[in-house]
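Each remark here refers to the structure printed beneath this line.
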Amino acid sequence: MGLVASIRRLGRIAEPAPPTTWAGAAPPDQASKHPEAGGGAEALPAALRGSLQLRHVDAGSCNGCEIEIGACFSPVYDAERYGARLVASPRHADGLLVTGVVTRNMTDALRDTVAATPEPRVVIAVGDCARDCGEFAGAYGVVGAVRDVVPVDAEVPGCPPPPDAIIQVLRQVTGR
Amino acid sequence: MSGGTEVYAAQAADGFSASGAAGAVLQVAAVVAGAPLVIGWMRQVRARLEGRAGAGWLQPWRDLRKLFAKQDVIPRGTTRVFTTAPLVLAATSLLIAAIVPVVTTASPLDEMGDLFAVVGLLLVGTVALTLAGLDTGTAFGGMGASREVTIAALVEPTILVAGLALSVPAGSSNLGAIVESAVADPGAVATPAAALAFIALIVVVLAETGRLPVDNPSTHLELTMVHEAMVLEYTGARLALVEWASAIRLTVLLALLANLFVPWGIADAGSGVAGLLVGLVAVAAKVCVLATLLAAGEVFLAKLRLFRVPELLAGSFLIGLLAVTASYFLPSPS
Amino acid sequence: MTATESASPALAAAMIVPLAAPLAAAALVGAAGWRRATGYASVLAAAATLVSGAVLASEVGDGALTAAGPLLRADALAAVMTIVIGAVATLATWGSIGYLGAELAHGHTTTARARTYGILVNLFLATMALAVLANNLGVVWVAIEGTTIATAFLVGHRNTPAAIEATWKYVIICSVGIALAFLGTVVLYFASVDAAAGMTDTASGLDIDTLVAVAPHLDPDVTRLAVVLLLLGYGTKAGLAPFHTWLADAHSQAPAPVSALMSGVLLAVAFTTLLRVKVVSDAALGTGYLRTGLLVLGLATLVVAALLLVGQRDYKRMLAYSSLEHMGLLAVAAAAGTELAMAALLLHVLAHGLGKAVLFLSAGQLQLAHGSTAIADARGVLARGPLLGGLFAAGLVALLGLPPFALFASEVGIARGAADAGLAWALGAALLLVLVAFAALTRHSVDLLLGPAGDGPRLALRPATAAPLVVGVAASLVLGLYAGPLGDVLTTAGGLLS
Amino acid sequence: MTSETYANLLHFAGGLLLLCTVGVVWRHQLGASVRLLAVQGAALAAIPLISGIYHEKAHLLAIAPVVLVLRAAVLPYLISRMVPPTARPPGGWTASAAPATPAAQADAGAPDGPTATRPGPAADVLAGSREPVPLISTSVTLLLSAALTVLAYALCRPIIALDPTADTRTAPAALAVIFIGLLALTTRRQAVSQVVGFLTLDNGIVALAFLLTSGVPLVVELGASLDLLLVVLVVAALTNRMRAAFGGTDIGELQELKE
Amino acid sequence: MSAAHLPALLGGLTLAACLGAAAVPRRALPGVAGAGTALVGAAGVACGVAALDRGIEPIELAGALPLAGLRLAADATSGLFLVLIGAVAVAAGIYTAGYAGRGHGSARTPLVLLPVFVAAMLAVPLAASVTTFLFFWELMALASLALVLAEQRRPAVREAGLAYAVMTHLGFVAVLVGLVVFAAAAGAEEFGGLGEAAAGLSPATRTAVFLCTVIGFGSKAGLVPLHAWLPRAHPEAPSQVSALMSAGMVNLGIYGVVRVDLDLLGPGPRWWGLALLAAGAATAVYGVLQAAVATDLKRLLAYSTSENMGLVCVALGVAALLRATAGNDEPTAAGAAAVVALTAAFVHLFGHAAFKCLGFLAAGSVLAATGRRDLDALGGLARRMPTTTTAFGIAALGACGLPLGCGFIGEWLLVQSLVHALPAGGTLVALVLPLTVGVVALTAGLGVAAMVKAFGVGFLARPRSEEAERAVEGGPAMAAGMGLAALACGVLAVAPAVLSPALGRVLPELPAVTGQGAGAVPAPDLDTVLRLPGTSGAMSPGLLAVGVAVGIVVALAATHWRARRRPAPLRDAPLWACGGAAPTARMQYTATSFAEPLQRVFDGILRPEVEFAVTPYPQSSYLVERASYRSRLRDVVESVFYRPVLRAISAAAAVVRRAHQGSIHAYLAYGALGLVVALLVAM
């Protein structure tokens, strides 16, 4: 059976967990202050330590960030081991991964999604577009960056941001 | 055998033994505490087989702990059904955990309900959740409810026929009696009837607990959901109860399956503290093995199309039917 | 059977009144024309017939009485039939007053024709009474042919082309049929005379008692011929297949009270004559012979009636075919021939007469209001006239053999009788055909009675017009719950015939 | 009278009866039918006469003239009045019949009757004096008559067997008359033809009664005769009404009342 | 007052109620009619209790019912049904006072007839002779027909009434033939004589009687294929009448089978049991399948009635089959299982009566409030009509056959009888019973689907129509009627022990099922813990309820874990619409869509008529301008069984009509031909 053979041959694919960039000692509620993590002003909620369900919102992305987010949950990066998991409904989610500039058509949808996510919650803007509109700044359909529409707790820079960077932010929230 | 066991047996006939009561409390506690671990273990096994590191078998507990601290959201237009459904689901699951012989066959609650009552209680929980799904008034809620109910309706014949196959040799449909008769007659486990019933029951467990290939518990795509679609509006503690109860149901059914066919180690009315502990360990081991097998099996399976599910269930019904007729025409040697 | 004896003067009077009273009423109408008073005189005559029937029924026991020389003879059967004639005739003549009044008011008829109507109706009643009370089978024949003559112009009363057509068919078909009965009577007489060769008085060879007495000695071959002819002949007048074809035309064209009389009484009178024949036939040929004939004719009639009811569009024809259906059922009951079946048969006759009278009289009111007898022209009756609609509905329920009306008791009795006689298969077939008829009748009645009012005329019913209908329904209801002494009379009569 | 003469005479009367009947179904001219009916009545009256003389039964001798008058004279006369061509004012059975009848029979071109607008040989038919094209062709009718005669003989076997006399041996002829009368009734379209058929049938029954039992009891005989007379009167009246209402007496046209 | 006076009291009350309803002014009419009906029902219950206690001695009225005489008597079996129907009538009567007050079925005639209907139903089990039985049987049919036609101005009602009239008469004909043949063969008319003579009848007669009566009674109980009237008539009747018919009248079909086929006709051959079993199984599955795909609330309930009567019939069939297998020499497992099956039938009758009565009353409440029965137009009633919603919820739970509901115990007992029959029943039983279990299970499962749909779609979520949006509760009388029925549901669900004394008297009266002499088996013990005679097997609905309650308390306590850490709950949050506009009520799942998967799965049986038409733009066949989809479900049995019969009758009628075209010559020819044929035959 091919699948059994593959499983045996490949064994563990996941790479060893990289060291945390906030030196591991910093309490998670200070993680947001870390320069790499970008800029949420308020503290990341302690209630989400150890477990972070995520709902992804594409507010107008070029899909580059989506590929990277997908990679985060692939066997290689395996973000699940840090307690993060993608879910289907914002009601089930603790955090929103928002990618792309916020386009006019997605503005209300983004606000609704944030409103639909129960407290405590984190909004993570993933990628340069989400942070400051990136390439698309000033385009006719663009309303603005994510923080212009909803409060953002953490940001991940990069165009697209590498999975490592995204996972770093997630680990800040889960504290693992 | 000494006269002591006879005393115990008499007590058992009266429906109450101290050991049984203790065992019942123990098994409820064990199931409540252990059910999330079983889920975690299965996810871990699956992660390992997929080459991932996995979140660890404690992850479900972390999830639950977090959910209990999260905000309750009560969507517009829903009624009390939405808010109470998780309680009903949890309550029936707990009751099942108390009735089913997990650690001991002598649960004083055994007389409260037999196999068919347990099946009914499972269905009560399912119904509560489907009503909650409908109560939200969202398209997905209705869709999930519709599918769940369809599957639940179609799985029912298999359950009862498989139950019949188990009850007939034991002469009773009370689970404690069935397991006890399996303990007393180990050879019966190896009969064709038992084997067929086992297969039928596995399908039942898969369908009842929403596992592959009937439902994909880890899907993110609403259109393919069954169970998940119904609970899309739940948050916080209620969602936690739903997930916890689902875990309990899976665990209890796995434990039941294990004890029905491999009853060794289970405590009975005569067991002391040691016996109960042995029973606990035994059942933990058995469930662990079964969970591993189940998780491993799921790696190899894809979800069936919804309209292929009836074929699976019809097949399992046939197997169950064969089990019953086999138990009549090919009785066990004893 | 207890011996036949001469009647005391009082009872002789009770036997003559049913003949004399209508004749007197006829004379009165002839002299004074049709008006309210003479109308009530006719009702009185009919009521006198009813009372006479009751007196006879209470006195006759299981024997028989003769009066007017050997001409008249009354036994329990005759008494019951006199009651039937009296009861239905009372309702019909009572209803005639309102009906003719309305016809005259609308100009549908003239005073001359109304007078003819009054005379003929009373003559009709007298001939029927004679048919029931006559001692001699030949006289019975004469009387029944007399009913045809009396009713001919009653059927054609409206004098429309359709009425003339119906009359022609009625007269010709019935005359032919009844001629066959005469032929049968002649052949039976031949056999009887032969069998009673020793008897001095050949004139009594057609007397009922004589026939019954000589019946075991009748020549079977000749008697078979006679019985077949009599069955078909009187069957014609009773509406049995294959000479049933006049019935719907005549009933639909006749004025409603006449339809009521024809359907409720005339058919039954002809049928009871067959019962007299049956007694002779059973003694001469065994019960199997006429039973087969009655079953064949009865079931055939039921088939025809049920299937013609299915697509019916005319409510008076519908009622006519319903009569046909009931006659078929009576034939099956007669075929069963047990005491119970016969008693039930007679109860059925009475109950059917009452029910049909109510229905035809109500149908007459509908016809007057709508100027048509098409169901399609008269929908939503209940909404437009609750009283008339309600009475029609009650009559229909009674007619369908539903409790608490009398036809239920009689139908169950017939069923029990048939089962007792071992005719379960025929009973089953008959009841299935009745079921088809039931379905059709219900369906048409639902169309007729129920539904929104639409734009048809209001159907008010004057108390005088409603009274006979209410009485008829009430009588049927009471009879269905409690027959009292009548039950014993019916059983006695049934015993005579079984 | 010897028994042989008696038998011969009786057979002759019966044969004449049957012959007239066959004539009735053969001829289409109504006038001829009515005349044949009268002859038939006379033949019928002969039976009680012969029988009365032979058996020396007074009541038969007494009844014979009654029969003769009624069946050979009165009834044919009444019927002949229903036949239009005898240019005669309409009878007084019903006043309403008056307008249509003379118009129809007087002038084929008269404007006031629906039947009168159609000229030609069919006028007789329309007027009701001639049988139109029959429902069954004459030859078939005659063949059927023959078959019915055979049937009558077959049916009479038990009667003859019971009492084998000259009288009962003539009975089949009477029975055949009855059947053929019924046949005429069934196949004839004119009202008058139907009445003739009916009377033929009735003659047959009466003949049978005389032959089998020397007549039915007197009260029955009188009642039956009265009934017959009344029936014919009723039918005559109806025919007049029919002519008034339909402008003709073709019974085949009476198909308004149907399912 | 002795027990013999009770039937007289019943009759007197009926008369008084009728006259009262006929006489009172319009305003007081609903109250008087409702109270009268309830009183008649109460008298029925009293009769029943007396009959259960000591039986009611025969009462004969020779003059009544011409040619037969009226004969009434009651034993415990009758008493059981009297109590059942009387209780339903009490609830329905109280309800009527409110329901008719709101203008539903409030014409005088139906309300006057309502007590008559109840009395006729009550008189059926009291009847002790063939004619009496038939009289009240048909009186009941007539009264119910009149009540079905109460709202006759609607064409659908007239259609339903017609179908009902014809079907019920068909059933009556079958019963009539069966009973008169029985009576003729037995030479007796009263039931006692029938029972004594039954053993001596020829097998052919017994078979004929069995078949006829089962067909007749089966049509009343709604057994397939004679159920066709039920889903038509019950929905169209005013709701209290639906309740009386569905919860009361259909039981009399079962009574007929029990009384005539099991009791009087005595133990029959095995195939009788099999026949009942097969009919019941087909009915149960077919009924529940139709219920699962129905979108009309009352039609759904009506099909559910058919389903439940099917289950009861299965139970009776199992009982008869096992008894025929068991023999009377010694107590056997099969005999014990037969008793359990019979108990299951009776218990289920009670459970069904309770939840179906409540269901129809609640449905009537919905109908009164919204004027709609179409589930696709309902929804959102839970907020506006909490009482009704609770009531329907209880009814639906019962109808699901789930624990905590009153339908569970009956089904549990039935399955238990099957479990315990299997080892003892012989090969035939071994082959049949597992399939029966499958059927029962499928029925239960689909029943759940149907009821979840009815409750979830009809009452929960948001209203789908303006009428549903404006719904208001119906007032105290309706609530009281429903409350009474709900109470019965509750009691039967948790404490079936209330039936124990009654069953203890009824079962020994039916030795044809429970066995005689040495083979006699005692009734099952329906105590707090249900125990079965001669077998092990126990269940306690009451303790289960307690257990679930405790579980709910525990779960509720669990939700308080970390409750202080939670942010304040967010109430009235907008529904999650995947980021789109707020979902409208039209986007909700409807009853049709809810049942679609089941409809697809059972496509071959249900045979929906689906029309799917796509209209493309003229420019390209790939551009869809308009698409229309229409799916319609008809009763397949109707098209398979009834249409051919109706077509054949129509064809025959056409032939006969062609033969009656008004030609006197043709008419005379028929006669002449008939004469010739008759003479030839006579010759």
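Per-chain numbering from 1; labels A, B, C, D and E assigned in written order.
As a working rule, a residue touches a chain if its C-beta (ideal position, glycine included) is under 8 Å from a C-beta of that chain, and two chains touch if they have at least 3 such contacts.
Quick caveat: nothing in here was measured; it's all calculated off a predicted structure.
A.B. asks: Common contacts of chain B and chain E?
C.D. replies: The shared contacts of chain B and chain E, listed by label, come to A.
A.B. asks: With centres defined as the mean of C-alpha atoms, identify the chain lying farthest from chain C.
C.D. replies: Chain A.
A.B. asks: Going by average Cα coordinates, which chain is farthest removed from chain E?
C.D. replies: Using the mean of the C-alpha atoms as each chain's centre, the farthest one from chain E is D.
A.B. asks: What pair of chains is linked by the most C-beta contacts?
C.D. replies: Maximum number of inter-chain contact pairs occurs for B-E.
A.B. asks: Report the inter-centroid distance (CA atoms only) between chain A and chain B in whole Å.
C.D. replies: Between these chains, centre-to-centre, one finds 36 Å.
A.B. asks: Compute the distance, rounded to whole Å, between the mean C-alpha positions of chain C and chain D.
C.D. replies: 31
A.B. asks: Centroid of chain D to centroid of chain E, CA atoms only: how many Å?
C.D. replies: 68
A.B. asks: From the mean C-alpha coordinate of chain B to that of chain D, what's the distance rounded to whole Å?
C.D. replies: 99
A.B. asks: Identify all positions of chain D at which a residue touches two or more other chains, and write them in rising order.
C.D. replies: In chain D, the residues touching two or more other chains are 155, 157-158, 182, 185, 251, 254, 256-257, 259.
A.B. asks: Check each residue of chain A and list the ones that touch at least two other chains.
C.D. replies: Where chain A meets two or more other chains at a single residue, that happens at 47, 89, 91, 116, 118-120.
A.B. asks: Name the residues of chain C that each touch 2 or more other chains.
C.D. replies: 165, 168-169, 172, 176, 224-225, 248-249, 308, 311
A.B. asks: What are the touching chain pairs in this one?
C.D. replies: A-B, A-E, B-E, C-D, C-E, D-E
A.B. asks: Please name which positions on chain E make contact with chain B in the complex.
C.D. replies: Contact set of chain E toward chain B: 292, 379-380, 382-383, 389, 400-404, 408, 412, 415-416, 418-420, 422-423, 427, 430-431, 434-435, 437-442, 444-446, 448-449, 452-453, 455-457, 460-462, 529, 535-540, 543-544, 547-552, 554-556, 558-559, 561-563, 565-578, 583, 585, 587-589, 593-598, 600-601.
A.B. asks: Taking the touch rule as given, give the residues of chain E at its contact with chain A in the complex, in rising order.
C.D. replies: Interface residues on chain E, with respect to chain A: 565, 567, 570, 573-574, 576-577, 579-580.
A.B. asks: Would you mind writing out the residues of chain C in touch with chain D in their complex?
C.D. replies: 71, 136, 138-139, 141-142, 145-146, 148-149, 152-153, 156, 159-162, 164-169, 171-172, 175-176, 179, 182-183, 185-187, 189-191, 193-194, 202-203, 205-206, 219, 221-222, 224-225, 248-249, 252-253, 308, 311-312
A.B. asks: Please name which positions on chain D make contact with chain E in the complex.
C.D. replies: These residues of chain D touch chain E: 135, 151, 154-155, 157-158, 182-183, 185-187, 189, 251-252, 254-259.
A.B. asks: Which of the residues in chain D come into contact with chain C in the complex?
C.D. replies: 155, 157-159, 161-163, 178, 182, 185, 191, 194, 198, 201-202, 205, 208-209, 212-213, 216-220, 223-224, 226-227, 230-231, 234-235, 237-238, 241-242, 245-246, 251, 254, 256-257, 259
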